[in-house]
Structures are given as C-alpha cells and as structure tokens.
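Input: structures, listed below.
Two complexes, one shared chain (chain A), two partners (chain B, chain C).
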Partner chain A sequence: MSVNGAYFLLFLLISAVFYYAAPKKIRWFVLLCASVTFYLLNGIKAGLYLLATALFTYLASLLLGKKPSVADGEDPASVKKRDKRRKRAILAPALIINFSVLGVLKYGGFFVTTVNTLIGRTAIPLPSFILPLGISFYIFQTSAYLIDTAKGKYPPEKNPLKYLLFVCWFPQMVQGPINRFDLLSGQLYAGSPLDWENIRTGLLRMIFGILKKAAVADALAPFVADVYSNYQSRSGGVILLGAALYCLQLYCDFSGGIDLLCGASQLFGIKMSENFRQPYFSTSLADFWRRWHISLGEWMKDYLFYPIALSKRFAKITKFAKKHMSPGSAKRVTPCIATFIVFLAVGIWQGPGWQNIAYGIWNGTLMSLGLIWAPVGARIRKRLNGRTAAVPLLIWGIIRTNVIVVIGRYFSNSSSLTQAFTMLGRTFSFAPSGDPKYTLAAYFDTFMTVRLAVACGLLIFISALKEKGIDPIESFCRKKWYVQFAVLSVCLVIIVIGIYANSNYVPISYVYENV
Partner chain B sequence: MNAKKWFLMFISALLFAVLCWIGLNVAVDPFNAFGDPVMDWGGYTQTLNPRNSKVTYVTKNFDKFDSYVIGSSNAASYLPETLNKSFGGSFYNMFHYGSDTAYDVKLVKYLTENDDVKRIFLVLGMSEANHVRKNSGDLNDKENYRVTGESPLSYYAAFAFASPGHAFKKLKARSEDEELPKKADVFIQESGCYDKRIRDAEAIGTLEEYMQLHSDDFPAANSKSELARIDECLNDVAEIKRLCDISGTTLTVVFTPVYIEQLELFTDESIDRLFSGLANITDYRNYSVSPISFDARYFYDLTHTRNATADMVIGAEAGEKDIYLPEHFGYEFSSSKIYSAAEMKNTAKDAICSRQAVRVPVLLYHNTNDNSKQSTTNIHSDELRRQIKLIKDNGYQFVSLEDVKNYVYRGIPLPEYPVLLTFDDGYSSNYSTAYPIIKEEGAKATVFMIGCSAGKNTYKDTGKKMIPHFSIEEAVEMSQSGYVSIQSHTFDMHQYKKFEENTPARTSANRFKEESMDEYYNAVNSDIDLQNTLFTDGGLDEPYAFSFPKGKVNKTADAILVSRGYVFTFSTDKSRVNEIAPGLGQSLVDLGRYTVSSNTTDKQLLDYLAMNG
Partner chain C sequence: MEKILEILEGCCPGVDFETETALIDNGILESLDIVMIVGELSDEFGIEITVDDLTAENFNSAEAIFNLVNKLKEEE
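Here is the complex of A and B:
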C-alpha cells in the first residue's frame, strides 16, 4: 500500500478509530496490528526479514541487558570488567550479523558486480535479493537499541510484541526517521487518550507534507529525471539547473514524506524524531549536516563518531600526532579522521555504487578540511564581527554551502561515477546542448512555472518562520476561523481535485523509499 | 477555537473540497452526463463518448427529432440534412463507435418508447455481423442509464466522482478550440454526424493518386474467415423490427456500400448467409456491392463511406430521380428474391471495365488586350481566336461549369473531349475583346473576377494606375448571354504589395504566419461575404467557383469555401490530371489549369489537352 494513495488515508482513519476506541491497556496492541498489517501489505517476504531482525535483536538485547551474576565476595570492578567482556563478546557479533543482513541484501549485487569486473568475467552469478521496506532505517534503529542496552542506558524490553512494535511502527518504515527507543517506546506503549490538538497538528502536518511532495517534488521530477538520464546531450547550464532543482525536489520529497508520516504518527499522539531543520539556510557544511536528515546524523554522531574518536586506538594516534605537530593541530587529527569515516559511511548508506562512495568522500573531505579551517575562520569572523559584515557573511555562507551541496548531488543522484564526472565536466566547460529539439519550456510552461513559484514562495516563507523560532502550525491556528477555513479549503481542494481524485497524477515513490 | 471545533471545521472544509470536485465534474461535464449545462459543447462530449452524450442530447430534444439513424460508424455519413430532404421529418444520427447490434436494440427500444418516432433508418455493414466493440469500462465507454436500465444514482455517481483530469482536459481543449474540427471535437451536436468540412473539401483526382496517398487505409485482404456473429446480428435486427412494429415506426434497413477488400475478408458463403438471413426478416436494399466498391475514392477507408456516398444511398432509397447514381446500385432483397455476393461482384466488375474516366483540361488566360505587348499574361485577340479554333478542330468541346457540375451531381454525361476555358482577374479586355470572340466561336468560358477591382482602372483608393477591370454591369451582360460564367478570384485577397497600404499585404488566400486559425477563418468568410454582396447587389448569382490568387491553394480555404457552398476551386497546376468522378464533389476541388502565355506553342497546348483527355 503506497502512503501516497487514498487507501493509506483510509487505513489511518480505521486504525485511529480502533486505537481510541480500544481500552487504554491494549492500545499499543492495536498499533502493533496496524503496523504489521501495513508492513505485510508491502510484501510477505520482506515481513519475514523484518521479523527475523526483530527476533534476533530482541534475544540479543535480553542477553546484553542481563544483570551480571556476582560470585560471593567478587570485587565490583572485576564484575564490571567481566561483564564488559561478556557484553562485547555478544554485541560485536550481534552488530556484525545485523549489519551483514543489510550489507548482503543492499550491497550484495554491487559487491558481486565489482568483483566480476575486476576479474574480467562473470565469476560469481549476480544475486537478486529483495530489499525489505525501510531496511536501511530499521537495521540502524535496532543496532542503536543493542548498543544502548549493552551500555545499560535502559533495560531491554521484555515483551517481544512490544519490542516488535518499536521496530515496525508503521510511520517510520518508509523512510525513517531513525527513532530512539527511549524517546519512542514510552509513547507507543502509553495508550495516550484522544487529544484533539494531536489530531489538529497531525492533519496540518500531513497536508503540508502532501502538498510539498505533489506540488514541488513530483512537479520537478520529470525535468530532473530527464537531465540525469540524458546528461550527455544536455547543456552545461541545464545540467547545473537539473542538479540544483534536484536539491529542491529531494528536500520536498524527503521532508514532505517525513511531514506526512510524522503527521500520521501524531494522529495517535506519538511524536517521532525531527529530521529536517531548514537545511538550505545552512551557513556551513557542518551546519547543513546538523539540519539535513538529522536522525541519521545523530545516529552517526552517537554510534560511530564518538565511539571511534574516543577509542583507545585513536587516543594513541593523537599521542603520536602531538609528537610531530603543534598541540592545537594534533588535537584535530583524530576528529578529522573520524569525521571522514562518518561521512564515508553516510555516502555508503545512500546505496550501492561508487558514485555514492564519492559522495561520502566529497562531504567527508570538506567536513574534515572544515575542522582544520575552523580556528582560522573563527579569527576572521572575530575581526569582522560587530561590523556590517554580519549579513554579507551570512549570505556568503549560505551560498557557499548550497554550492557544495549542489555539487554533491551530481554524485548522489547519478547512476555511476562516470556519469557524475561527465556531468561536472559538461557544467564547468559550459558544454552546449547536443539535442536541438530540447527546450526548457517543454518542462516549464506558464502554469508550471507559476505553480512552482507560488509553492516555493510559501515554502521559503514558512521555513523563515520556523528559522525565527515561530511554529507555523501554532501561528496558523491562532488566525481567525474564516481565514483558517479559507486556507484549509484551498489546500483541500488542491489535494482532493489535484491529487487524490486525479487519475492523471501518478505519485512517484519517495526517493528514500527504496534506499 | 478549541481543537475539537477545529476538527469539525476541517471536516467542513473537506466536505467543501469534495463538493468542489463534484461541482467541477457537473459544471464541465466532459461526458455529457448532466446535460453539459455550462459549456454545451456537444462536439466535444460526443467525440469522447458518443453513446452517452447523444442519448442525453436527444432526451433533452425529443420535440426536435422524430426519426433516427441507427448503426455504428458505418452509419456516420448518413446526414440528417439529406435524409430530411428525401424523406421529410427531422432526423438525428445516433451512430456510435464500434458495432454493437445488442446496444442498437436497447437504443431503439428507448427511442420508440420515449419519442413519437416516425422512422428508424438502420444501417448495417459487415462489422455488425462480425464483432461487438469491447467496452473498456472507462467513462468514455459508459452507456446512458436510460438505455441500459442502470440505476440513475450509480450512473450519476460514476460521473460526479470522475477524475478531474477529464474536466481539465475539456477546459484545455476549449481554450485551444478552433472553428474547423480538431481531434478533440469532431462531431456536430445538432446532427450527430462527424464534422467533415475538411474531408468534404479535399481534392480528389485519379484513383491511382488517391490509393498512393491512402494506401494504408485500404489494405488488401490476405485471408478469408467466416463472419462471426451472423445469428446474433439477425436476431437483433428481428428484435428492432418487432419494436418498430409495436410502436408504429417505419423501419428502413440498408446494407451500406462496402469497399471490395473489406468484403474479401469474408467467405462468400457466410456473406450470403447474412444477406439471405436478413431478407427473411425484412425487405431491404443492399448497397454493399456496386461499381463504387472497387473505387476507393468513395470511401475514407475499408469500412467508412464518404458523405457523398451515403447521400447516393439515401437518394436511391427515396427514389430521387435527378441525382447521380452508379449502375447496379442497391439490390432489392426480400424473402422471395435474393442475390449472391458472387453475382453482385461480377456484375459490378463488368460495369467497371466498361467505364471510362472523364477528364477535363482547363485553360487559363489573363489579359486579352491588343493594345499592349503580348506576354505571359497578355494574349492578342487574333491569337486567342486561332487557339480556340485549333482546340475545336482537334475534337475538343468547350463546356461550362454548369455542364461539369451536372455530370458530377446529376450524372448528365459530358462530351467525350471536354475543355474548360477560364480567365483570371476580370480585365476589361476580357469584355471588350475575348467575350465577342467566345460568342462568335460558340465557345463557353468562365471569368474569375477580383471583386474590389470591378469597374476600376486605379488600385483601390490609392489612385495608382492599374490595368482596367470590367464593371459589374458588363459582368451581368456577359453572364446573361449564356456564354460566360462570372465567378470569384476573391474580393480583396489578391493585393499588390507595392501599392497596398495594409501590411502585411494579402497577396494570396493563404494564412499569414502570425494569424491565428480563427482570425484566418473570419478573414476568408468576410471576403466571401463581400464578394457575395457585390455579386447579388449587381444582379449576379452568388459565385460557386473560386480560383486561388497566384494559384496558391490551401486546404483550409478549400474547406471554408466548400462549407459556404462553393462547388469548384482552381489552381494553376498544369501537371494535374483533372479526373472527375461522378457523385464526388471533391473531384471539383483544386482543379489544375494550364496558363496560356504568348510563348505557348500549339504543341504544348495540345499536349496538355491530351494529358487530360
């Protein structure tokens, strides 16, 4: 069942009615039934993979969360040490197995193709694995849970069905966010009563998300798809426009989907983690990665960056570095390496393909260089601070960051590394169009251009409000009732007539739905 | 406002949105389910779904119609205009896409039970006995509930909750619509027929040329099969007869003309079974096989006849005397008299072999002024007289436009070697010099005059000198003599750029690049109006022949001219073979002409005549 269709809305309505009608104690069970139904409708085989991961991580977490048995008179320090060793012996293989499932299913084909290319013939037959819905998200989510229970952050969930609900809570399955157990589970199991404010916020957020996807992302998709498929005959300027508009498309697609699904979750009184914070207002690449796909960034920070950066091995590297360079510089060596590794992982996470690895390298390199540049930049800003350079600096930061982001999209949306470099080459060499019949007007007639301009204008306005700390939903709900009715009517007319009732509108699946 | 009240407001807004959706579908009504209340664009709705739209339309207008044509697109060319003239009454053509005699039964039942129907004109073709069009289940195949018996609620709900895409498509088509038929709008709502203004005015020459142009539409049959649903078709016709008998409606059944390759797709045995089976149910005339079945020019493709062809069937049915009818056209079938397909085919083949193509060469002159030098556009009178004598001595006979028209429309034979003599522009010398010669030599001629130049020797209002043109009075004198026909070379679409104040100058009847189709349509129509006024005010009949300025022919102008009643249009294409097919008005469109200049040798002249002989 596609979350873009009317059936999903019907599913939400029925689930919500059952949820609020059920007695408080079993409401979580209603959510579980809804989530399992939702997931199985997307494929029974995928459901089995999910069930296997859930069962495996459930059992592993129980082992990890077990209190150590203390022998009489045993020293607490040695108990701790023994327990730590025991936990490591379970956690490491558990994580390896968990990530291997993702590795094989998602990257198996890529690995085999690469090996075959290196050998020069089809030595290994190309496997065909299904990619269960949301696997890139739930593997990370369950791995975080394993690590947390190993650390003793919270006790493992004893009820296997309750744990399953945490793993397969349906709004998070399509494209995240990657939720944390301590933040999500309480809400899932609480069986919160009907609060009309949740319904209001949820519905408004869903409307916003549906419109972002349909009015902007899906409107831009044909143009962008054409540029990326026919890059060899598109002019350099058109390729640049394609990459830039892809940034807009991806934002509206991904954040639109998140808004729809977070809104859906909110209908049940369940708030999921935020994933976006006006990313195109970022003033540096570091700032961008704190605003874009936040739940992935946070996961990387908590479960990859800090463990690496604070590891004993890296401490040794810092010690070594201090011997050969100034203390200030030496301090930055391990964070740089760790940052690079994190972004390499982010690139690999995007999907199989050398172009995604290149994407990771692009971001990792610039982020690491940014760390090295940071003190220099701070000194410059201090000197300019207080003067009228503040706004120009801001604008410069935003432009610079967006240029870096756009260049990154040459890689992440291409289907091969060669394609990415060809596209970059054509852009920087101002290559002319190789197809005399191609016109921009074919994709952007008057109606489309006006539509996009209005939609983007509203998007920028709402984003600016959020940037200023104003909650647009709250602000909207304080307006006079007839203003709200008018705006709602316009939005719902567009949604009903232009989207749900319109057989000509075929929604494209979310970019991150198949990741 | 608390959140609960907000939710109620949200529900209201949602209901409002749904009402807008329904409202859009009802107001725009692309399928004419609701009577197309706002746009009333039957041409569009019937193109999209003729079955549904036509029933809605006639139901609203039962008081206007008392007779109906029933059939598939085989019946499309049976025009109410012709039927009304021949049979009286007020016809509507209910034809639908794809054959479906079971639907035809339901339709006749509905019509005869709800309207006082004088006559049902049932048109059958091979397809009625061979297949039923599959209903796709889409809204453009959905039939009207009044005919099918579906509950009105489910019918209206299906259209009320249709995808808004259909409504948007209709609105977009409306913004792009033009006067002449476009792909989205091919019907004429008031008659139920196709708008064939363009194809009714397409130039038709020799059969070979036509087959080359339309070879894809007339593929040769490469296998034979049995007709697949003879019994079902016959049962349905019997039921239609029974319904007509009950309601006191006259049933006329015709088997429409069929192109030979369509016939050859089926075995003679199954065709004979169909024809004889039909004869046992009702008397009817069978027009399927006749000499025209071997002449593709009378058809658009294997199964669809031209309007002119159907006009002949109607004329034959009504016993019209003064029209052209092919030989052996319409065999009377009854339970006591049937003909076999083989017999009909052989008779038709024999008739074809003994046919001779009629071709009419056309000569074009301009100025005939003895006081100016001879040139490409000026011939001296003695040369003109000598040429006229030469032509007569070589066995050719001058004919008038009326003579050619009578051959095509009334079948009155032309002489063996006819020739048309024409003069363009309307110069005074034609009156002073050529006209006397034509009278003396007993020839016939047509002069195409430029309306705005009549009686002038200066260019319009500019006072700039030009070759003098004869006046309307002189035109009337020539016309009344019976030797000269006065026709149109446009009123003011042959402008002279150097003298012309308007820019761009309209030097021909072609559309300007920057002119929209509708602007052009209006320009041509107003030129025709001005010419008509000039002629009728002066005492001449309205022109029905047109020669294109500079010989620049265009299809759109032809369509407009023919729809305004013009019968002939002429170019200056000397290589064109003017083969005239009886019964086909299109063979009088874009006739070619040989421009006679001072350099024209006798040999060239006679060669041209021979080419067209």
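Here is the complex of A and C:
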C-alpha cells in the first residue's frame, strides 16, 4: 500500500476510528493490528522477516535483562564483572545475527557480483532476495534496543505483542525515523486521549508532506532521472543542475515522507523522532549532518562513533599520536579516524555499490579535514565576531556546504562509480551537450516553473520560520480563518495540479523506501 | 578543577566553561569535542571514561565533568 495514495488515507481513517472507539487499555492493541495489517499488505514474505527479527530480538533482550545470580558472600564488583561478560556473550552474537540478515538481503547481490568480477567468471550464481520494507530502519532500531537493554538503560519489554508493536509501528516502517524505545514505547502503550490539537497538527503536517512530495520531489524526478540516465549526452551545466535539483528532490521526498508519516503518527497522539532541521541552511558539513537524517546520525553517534572512539584500541592510537605529533594535532587523531569510519558506514547504509562507498569516503574525508581545520576556523570566527565580515562568512559557509553536498550527490544517486566520475568530469570540463534536440523547456515549461516556484517559495518561508525558532503550524493556527483558508487552498491547488494536471504523473516510491 | 578547565579550553577554545551549565543541552559541545575531552581527561587523570558515562548530566558543565573525574578516580 503506497502511503501517497487514497487507500492509505482510508486506512488511517479506519485505524483512527477504531483506536479512539476502543477502551484506553487496549488502544495499543488496535495500533498493533493496524501495523501488522499495513505491513502484511506490503508482502507476506517481508512480514515473516520482520516477525523473525522481532521474535529473535525479543528473546535476546529477555536474556540480556535477566538479573545476575549472586552467590553467598560474592563481591558485588565480581558479580558486576561476571554479568558484563555474560551480557557481552549474548549481545555480540545477537547483533552479528541481526546485522547479518540485513547484510545478506541488502548486500548479498553486490558481494556476489564483486567476487564474480574479481574471479572473471560467474562462480557464484546471483541470489535474488526480497528486501523487506524498512529493513534497515527496523534492524537499526532493534539493535539499539538490544544495546540499551544490555546496558540497563531500561528493562526489556516482557509482553511480546507490545514489543512487536514497537518494532512494526506502521508510520516508521516506510523510511524511518529510527525511533528509540524509551521515547516511543510509552506513547504507544499509553493509549492517547482524543485531542483535536493532535489531529489538526497531524493533518497539517501531512498536507505539507504531500505538498513537498507531489509538488516538488515528484515534479523534479523526471528531469533528474533523465540527467542521471543520459549523462553521457548531457552538457556539464545540465548535469550540475540535475545534481543540484536532485538535492532538492531528495530533501522534499525524504522529509516530505517523514512529515506525512510523523503527521499520521500524531493523529494517534504519538510523536516520533524528528529527522530534519532545515539542512540546506547548514554553515558546515558537520552542521549539515546534524540536521540531515537526524535519527540515523544520532544512532551512528551513540552506537558506532562513541564505542569506536572510546575503545581501548583507539586509546592506544591516541597515545601513539601524542608521542609523535604536537599535542594539538594528536588529540584530533582519534575523532578523525572514528568520524571517517562512521561516514564510511553511512555510505554503505545508502545501499550496495562502490559509488555509495565513495560517497561515504567523500563525506568522511571532508568531515575529518574539517576537524583538523576547526582550530583555525574558530580563530577566524573569533576575530570576525561582531564585525560586518561575519555575515558574508555565514553566507560563504552555507554556499560552500551546499556545493560539497551537491558533489556528494553525484555519487549517491549514480548507479556506478564510473558514472559518478564521468558526470563530475563532464561538469568540470564544461562539456557541451551531445544531443542537439535536448532542451530544458521539455521539463520546465512556464506552468511547471510557476508551480515549482510557488511550492519552493512556501517551503523556504516555512524553513526560515523554523530556523528562527517559530513553529509554523502553531503560527498558522493563530491566523484568521480566511488566511488559513487561503494558504490551505494554495497548498491543495498545487498538490492537485501537481498530480492531475500532468497526465503522465506516476506517484513515485520514496527514495529511501527500499533502503 | 583548574587542570580540567585548562583541558576543556584546550579542546574547545572560545567556550566559557566557567559559567556555562548546559554544554550538552545547548549543543555547545559536539560528539567530536567530547571524544577529544574524554581522551585528554583519561590521559591526564589515568581514568577510564566509558560510553555509559557520556550523559548530559556528566558533561553539561565543568563542575559536572570535575565530579565525574573525581568519582571515576575513587573507583579506580
């Protein structure tokens, strides 16, 4: 079931009616039924994978949450040590198995292709696995749950059905966000009272999400797809425009989907983790990654970056660096290497293919260089603080960051590394068009340009409000009824025109739906 | 405390560590800063700061960091 279609709205309506009609105590069960139905409608086989993960991590978490037995007179320190060893013996294989499922299903084909290419013949037949909806998201979510349970951050959920709801809560299944158990479970199990403010906010957010997706992302998709498919005959300028507009398409696609699904979740009084904070206003690459796909960034920070950077092995690296480098540089070695590893993981997370690994290397290298450059940058900012040059520096920061992000998208949206480099080569050599019949007007007629301009204008206005710390929905609700009516009418007209005025319109799957 | 302030200012110049009490909550210290600070503290005081110690309460102010270091020193 596509979350963009009318069926999804009907599904939401029926689920909400049942939810609020049910006694408070069993409302969580209505959510479970809705979530299981939603997932099974997307495929029975995929549902079995999800169920297996939920069952496996549920049992593992019960073992991890077991209190240690204490022998008479045993020293508490030795009990703690023994329990730590026991938990590690459960957690490590549990995580390996959990991620192996993701690894095999998502990267099995890529691995086999690489091995066959290296050998020079088809030694291993190419496997054809189904990729269950949202597998990356629920594997990351359940792994975080296991680690937190092992640490004793919270006790494991004893009720298997309640745990299953945490794993398969339907608004998070399409493209995240990666929710944390301690933030989500309480809301899921409590049974929210009917609150019109939640319904209004949820619906407005859903409309904004659909606007982003249908009027911007899907409108740009045909042009972007053409550039990335026919890059060999497109001019350098058109390729650059394609990569830049892909950034806008991806943002409106991903954040639009998140808006739609966070809005849907709020209809049930459940607030999920936020995933975006105006990323294209970032003044540095580090700032960008704090604003883009926040739930993945937080996951990487808590469960990969810190454990690597604070490991004993890395402490040895720091000691070695201190012996051979200046103190200022030595203390940056460990964070630099850990950052590089994290971004390599982010690249691999994007999907199989060397172009994604290159995307990770591109970001990891620049983030590490940024860390080395940080003291110099801080000195410059301190000197310029309060002076007129601070504003141009801010603008320069935003432009520079966006250029870096656009270059990164040459890799992440290509189907091969060769393609990414060819596209970059054509851009920077100002290659002329190889197709004399090609014209931008075929994709951007006046009607389309005006529609895009209005939608983007609205998007920038709302983003600017958020950047100033103003809640656009709250501010919208305080306006007179006729202003609200006018704004909603414009949004709906753009959405309807976006979908129906284009006879070739085909709702496009979310970019991160199959990640 | 003086040594801790020296380490903090060495890792993140420009931050007013003497008065700031929401270093984490206000996003003043980022993960990269924290790793650098942890590395320096571990080295200077011979303590082991683990991932479990990386909470906002332990890193929101210089005083909180001072208390964490003292607690870990006692445990050593």
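FYI, the second predicted complex is superposed on the first by the 498 of 515 C-alpha atoms of A that agree within 3 Å, B and C clash if a C-alpha of one lies under 4 Å from a C-alpha of the other, contacts with A are read in each partner's own complex, and residues count from 1 in each chain.
As a working rule, a residue touches a chain if its C-beta (ideal position, glycine included) is under 8 Å from a C-beta of that chain, and two chains touch if they have at least 3 such contacts.
These numbers come from a predicted model, not from an experiment.
Trainee: Does chain B (first) or chain C (second) touch A:Pro375, or do both, or does neither?
Mentor: second
Trainee: With both complexes overlaid on chain A, does A:Cys477 touch chain B (first), chain C (second), both or neither?
Mentor: Only chain B is touched by A:Cys477; chain C is not.
Trainee: With both complexes overlaid on chain A, does A:Ile199 touch chain B (first), chain C (second), both or neither?
Mentor: It touches chain B, and chain C stays clear.
Trainee: One more residue to check, A:Ser489. First (chain B), second (chain C), both or neither?
Mentor: First partner only.
Trainee: Please work out whether A:Lys331 is in contact with chain B alone, chain C alone, both, or neither, and reply first, second, both or neither.
Mentor: second
Trainee: Per the contact definition, I'd like the list of chain A residues that touch chain B in the complex.
Mentor: On the chain A side, the touching residues are 195-197, 199-200, 203, 477, 481, 484-485, 488-489, 492-493, 495-498, 501-505.
Trainee: Taking the complex as given, what residues does chain A use to touch chain C?
Mentor: 151, 286, 290, 301-302, 305-307, 309-310, 315, 318-319, 322, 327-328, 331-332, 334-335, 338-339, 371, 375, 378-379, 381-382
Trainee: Can you list the chain C residues touching chain A in their complex?
Mentor: 10-11, 13-14, 30-32, 35-36, 38-40, 42-43, 49-52, 54
Trainee: Could you please specify the touching residues of chain B with respect to chain A in the complex?
Mentor: That would be residues 1-4, 6-7, 9-10, 12-14, 16-18, 20-21, 24, 161, 163-165, 168 of chain B.
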